[in-house]
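There are structures below to look over.
Heads up, the next two complexes both have subunit A, just with different partners, subunit B and then subunit C.
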Partner chain A sequence: MTIVRRWYWAWIGGLIIAALAVWGIVDNQRLFLVTTLNGLTLAALYFLVASGFTLVFGLLRNVNLAHGSLYLLGAYVGWVVGELTGSWFVAVAAGFLFAALMGLVLQVGVFRFMQGDDLRQTMATIGLSIIAADVALWIWGGQIYQFDPPSWITGTTALPLVGKFSTYRLVLLATAVVIGIGLWAFLAYTRVGMMIRAGVDDRGMLSASGVNVQMVFAITFAIGAGLAGFAGVVGGTALSIAPGEDTRYLLASLVVVIVGGMGSVAGAALGAVLIGVAEQFGLAYAPTYGIVFTFVIMALVLAFRPQGILGRRT
Partner chain B sequence: MSAAQWRKAMNFSDAGRNWSGGRPVAATPSDARSATRSAPAAQAGVSLGRLWSHIRWRHVIVLAAVLVYPWIASPFFTYQIGAQALALGLIALSLTFLAGYGGMLSLAQMTVAGIAGYIVAILGVSGTPEISLGWPWWLVVILAVAGATLAATFIGWLSVRTEGIYTIMITLAIGMAFFYLAQQNYAIFNGFQGFQKVVPPVVLGIDWRGPVPFYYLALFWALAGYFFVKYLTRAPFGIALQGVRDNARRMRALGFSPVAHRVAAYAVAGAIAGIGGVLLVWYNGLISPGSVGTSWLINILIIAVIGGLRHPVGSFIGAIVFVLLQNFAIDLIDRERFNLVIGLGFLVIVLFSPDGLLGWWDKVKEWALRRTGGRRSAGRSNEWRSVGVPQVRPVGRQ
Partner chain C sequence: MTKRTAKLFGALTGAAIATVLAAAAQAQETVKIGLLATLEGPFAAGGQDGMRGAELAVKERGGTVAGKKIELVKASSDAKPDVAVNSTRKLVEQDKVQIMVGPLSGSEGIAVKEYSKSQPGVTFINGGSGAQATTLLNPSPNFFRFNTDGGQWMVGLGDYAYNTKKFKKMALVAEDYAFPYSQVQGFMAEFCKAGGKVTHKAWVPLGGKDYSSVIAKLPQDVDALLVVLGGSDAVNFLSQYEQAGGDKPMVGGSITVDQTVLNFKGKRRESLLGTAAAGPMADSIDTPEWKKFVADYKANFKDGFPSPSLFAFVYYINMKAALDALEAVKGDLSGNQEKYREALKALKLKTPVGEITLDENRQAIGPTFITEVAKGPDGVFFNKVVKTIPKVDQKLNLSKEEFEKMGLGSRDVPNCP
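And then the complex of A and B:
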């Protein structure tokens, strides 16, 4: 009973969405299914970007508005390395490593000196994102870059009911699921993961029990930033890399963590699915009002559950 | 704010409320009519005298300078530098009010201004007659400011549910969402193109598009906004808002509603930003998604922070610096690298002078006073500090 009462809005919303889904399937089955799959692959990308963002926020209370820049820089560096070595997998690794290194430098070189000063940290990340965007424009110009992934993942795969669907997008979906499970296992079972979870709950206590908190912070920031760079190469392969992508993915991570709940990796997954699917359905069914779907979801969550669907009140 | 200052502030607001609440009561008895007639006059005399004692040489000089400015400067400097800085400063002023006095750093102030600009273009006259309705300018301007206020109230209502650092995220997300909506939608916002030829009207035989008339128009509203914010922050509402900023829980215990004060602050800031938005769309002559893009959302923050969030005048100082940099960065460094200059400048300010240029001004003044064996440094710095943003202050400088 309490479940029905406490989640009544979820039931109502679910019923409306289910009714719309039935209408969508009856109306045009293929469009509906392809849009759903597209939405899920976009959600996979959003999850990769937003999980790093939410991890960093949960532990460090640092709203890293340069997260989109890490995505874009990771993508550019990955592209350069990919061109040099000719291997897409090396490019992915390079994107991850470069962004992780940037994150490490930021945490050790800048944010450590402003611990607990949320607003100043956030403004510093804004300044850094402006600089990063301009430097990237300086070096790589305004062109659109495309990756050259191995041929076995560039074709299409025939799926039941849906028909042909880009293999790469399926690989992306699978990658995000693997990364998500890996992240969960890392947080749940490893020693560092336990330290990070303890730090999310109570930083002072973690520090008092003899853990080198600065080390944990640096590791978290590196992983979070690295995930953004990883997503940059992976997402840049699915779409393309161009100036302006940084703000797009920053907006995506912001909305995903606002909807899902700050500091919760599961919340980031849920938020990413909601936003990714809503965005694709918006594009397919109401092209010029697509962003309104995203916005309405965010406004509803803020109105009825300000801490996010899976967030905890701090 | 220290406890003693608090008590003083609260007494001040109490006195203010008793005064305004007590007047109608005193006016009802007929035998006290003569007394009531003289009371407001005496009050006015006192407040005029108090106002007079607050006016210093620097106020007179600044006022004279901004009034004389268009007569000595070229039309380029009057319009491109002067009027633009005033319009941008007005929008930044709304952020200074919200952040400095309300403790809410909203990045959606440019969105609010942009909504006002879009309303002017859609309801008024523009180069896209298929969409623009061509209503009279006075109605359009009133509706634009009202619409901006409503939008700001809605944004505030959404974002005050969470506190602190969430505000910046939520307002940034709302602002970016509006940008993408304006860019995608052709039926209302005319998509990527936006609206061109949105010009100020010809009223009283004056073409308000001319550099000098437009400068004075912008100056009038900038001064009005500045003095309104100055007044409001000393009025009971402003004092209560600063109380909510410093300790919301305590204010709730005292019987104030923090949520209502915050939403009202958003509404006030929305009206100011709306006026700034109307001026800005007239200045540019066009509005497009680029005018409300992420870079402009952040530019407003940069303007406010460069000047300093502690005082309303900071937003105008920041706007002047920003506009000068924007126009003359081409001489210092490649034009393409303007963002790099502004980003580095912003970062330096954030890292080394959280109080902006006003903070540097204070430091210089303190240093000079120490050199000359200063007299009133303690009192003045206290006055400054009562209107600070707690988070932007460096740790250990209480």
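And then the complex of A and C:
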């Protein structure tokens, strides 16, 4: 009975949204489509950051509140390397590698000593994120940094119905899709991916069957952190990097994984799309109150499905 | 030594050291000044430069005033009013500062002004915040502002945009809080009066980052955009506007094309050339006082901007006012700082842009400069002065009746679609 009622509400909500969408298309088709595309490209960025966050949580049960710092530090290091080498692609690689290395150091040097101790881990990560933010402010100052991507991805592309749209944002969307599929394939078909999935289900069992769990943890953490650093450079190119971005993306990742379901990569993708699209439609159609949309979605999910849309009860 | 006696011994040593230190501090009297700016959030770059400006004013006096040592206690906020009040509270109640300089951003200023009413023993001097309401509505007797406000900063620009730039129809993009309201009012009061139309207003959240959908909604049939965004918001908007293929000329607010924005690391800033803006200062003012200020700034802060930003400037003048008045009363802060406040009110502050005085609400009356972005021979971007309005008061140089009829700036005031 409750399930029927829940779906009944979902249908009503869906109908209202569909009606609004039809009105949006009839009212101004171009604006509607551009906003949708903007929402999807923003979602792509959110997904890149949140996928690493959720991967780490799923396996290690570690809410890494320094995830935003990995994003910001990866972006800064990427920027420095990009300036030195003059290549944006090297900058992206550097952002990934540096953040992955940081993640490795964090896991091996810090979190291994407080496994299963949620509160201590949370406090430690908050502390680390504050230190990282201050160190970054000290080294790079409060300036605003922007990347110089190769010219073929900086212009605009004419799309059917939509018209001119930023090429870079389309590249961002494609990148996120590729990474998403890659991540899924990695988890589904490789040996390490298999171990990670096994670890998510039952860590004790995995360890008992002779797998070096600590190594699996370290690899997962490195990949998750690397994705944050990667997103730092890629996102910094679309927008910009400045102090404060760390908490911004940490909050975005938190909202995305809470909506999508902690520990689920597919959930991160779904959550990212919901939040990204809601944010952009808010900005375009209700600029003053748009910021509320994100949190309405979060509140609804928490009220009706506390484990997240694709999350599993633990 | 047992563990316990060791602990006791340690505690005693600590106490002894503390006593000696306290005695040393008393030998040369200190005056404690709290300094609050945003080192996080969208105005982090501005906040950092604001700190430099305040430090410069202290350095000019060799770190002492009226024979007392100046002790700066710094704190940070992130442009949100509640954070600013918490940081101020910490400085006032925990660190026991006697004078408070800050905060940086508009809504923060209003919140700190309200808080100042509960602390009559401390004198509050503004840092960089420029919302009109701070000193115009329910002013606080111990809150002083030696910088002109966001509305005053835009006086003359509306006229310049309409008559010189020939923009008749404009669309507006501005952040949704007190300071841009003031800025937009300062601009639109004149622009609308001259006959201009502002057909579309987009108020966006502070620190919003992704403006692509706001840009998609901008009307195509306008002559120019009025962009009142600051710091990283401005950079994000400008680069995304270009990414989206936008090509309208722009008129900026006082912090839209500030040094923080002109110096962002990236190549896309070329598109800023020719952008008109207005503010309480400009990079290229041609007076010896201004040039000395810029030279001092450069000499003291190797890691600073090529020339001081607006925030460095306003923090500098506010801190300078705090110290000049302190000198005038020979450091006398007794009697609930009564004498000190009288000195502040009577101060004719010598600043790099000319003299600044206070009105009956303890709000500054000072000059405004209309500027355009130009490129120097060394490739450095700067704001070239095209016009100066020597004295601007808080009523935007309108008559009292005219100003009161219009009311305070908000999302819908003024309006001329």
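Note that the second predicted complex is superposed on the first by the 304 of 314 C-alpha atoms of A that agree within 3 Å, B and C clash if a C-alpha of one lies under 4 Å from a C-alpha of the other, contacts with A are read in each partner's own complex, and residues count from 1 in each chain.
Rule of thumb we're sticking to: a contact is a pair of C-beta atoms (placed from the backbone, for glycine too) under 8 Å apart; a residue touches a chain by one contact, two chains touch by 3 or more.
Keep in mind that this is a model prediction, so the values were computed, not measured.
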Clash-or-fit label for the pair subunit B, subunit C on subunit A: clash
Subunit B versus subunit C as contact partner of A:L302, first or second or both or neither: first
Which of subunit B and subunit C A:N38 touches, first, second, both or neither: second
First, second, both or neither for A:I291, with subunit B first and subunit C second: both
Subunit B versus subunit C as contact partner of A:W79, first or second or both or neither: second
First (subunit B), second (subunit C), both or neither touched by A:A133: both
First (subunit B), second (subunit C), both or neither touched by A:L254: first
Touching both subunit C and subunit B, counted on subunit A across the two superposed complexes: 133, 137, 287-288, 290-291
Sites on subunit A touched by subunit B in the complex: 61, 63, 65, 110, 116-120, 122-124, 126-128, 130-131, 133-135, 137-138, 247, 250-251, 254-255, 257-258, 262, 287-292, 294-295, 298-299, 302-303, 306-307
Sites on subunit C touched by subunit A in the complex: 39-42, 44-49, 78, 176, 202-205, 207-214, 216-217, 231-232, 235-236, 239-240, 243-245, 260-261, 263-268, 303, 411
Subunit A partner contacts - residues on subunit B that touch it in the complex: 105, 158-159, 161-162, 164-166, 168-170, 172-174, 176-177, 180-181, 184-187, 191, 294-295, 298, 301, 305, 336-337, 339-340, 342-344, 346-347, 350-351, 354, 389, 391-392, 395
Residues of subunit A touching subunit C in the complex: 30-31, 34-35, 38-39, 41-42, 79, 133, 137, 141-148, 154, 156, 164-166, 168-169, 239-240, 242-244, 248, 279-281, 283-284, 287-288, 290-291
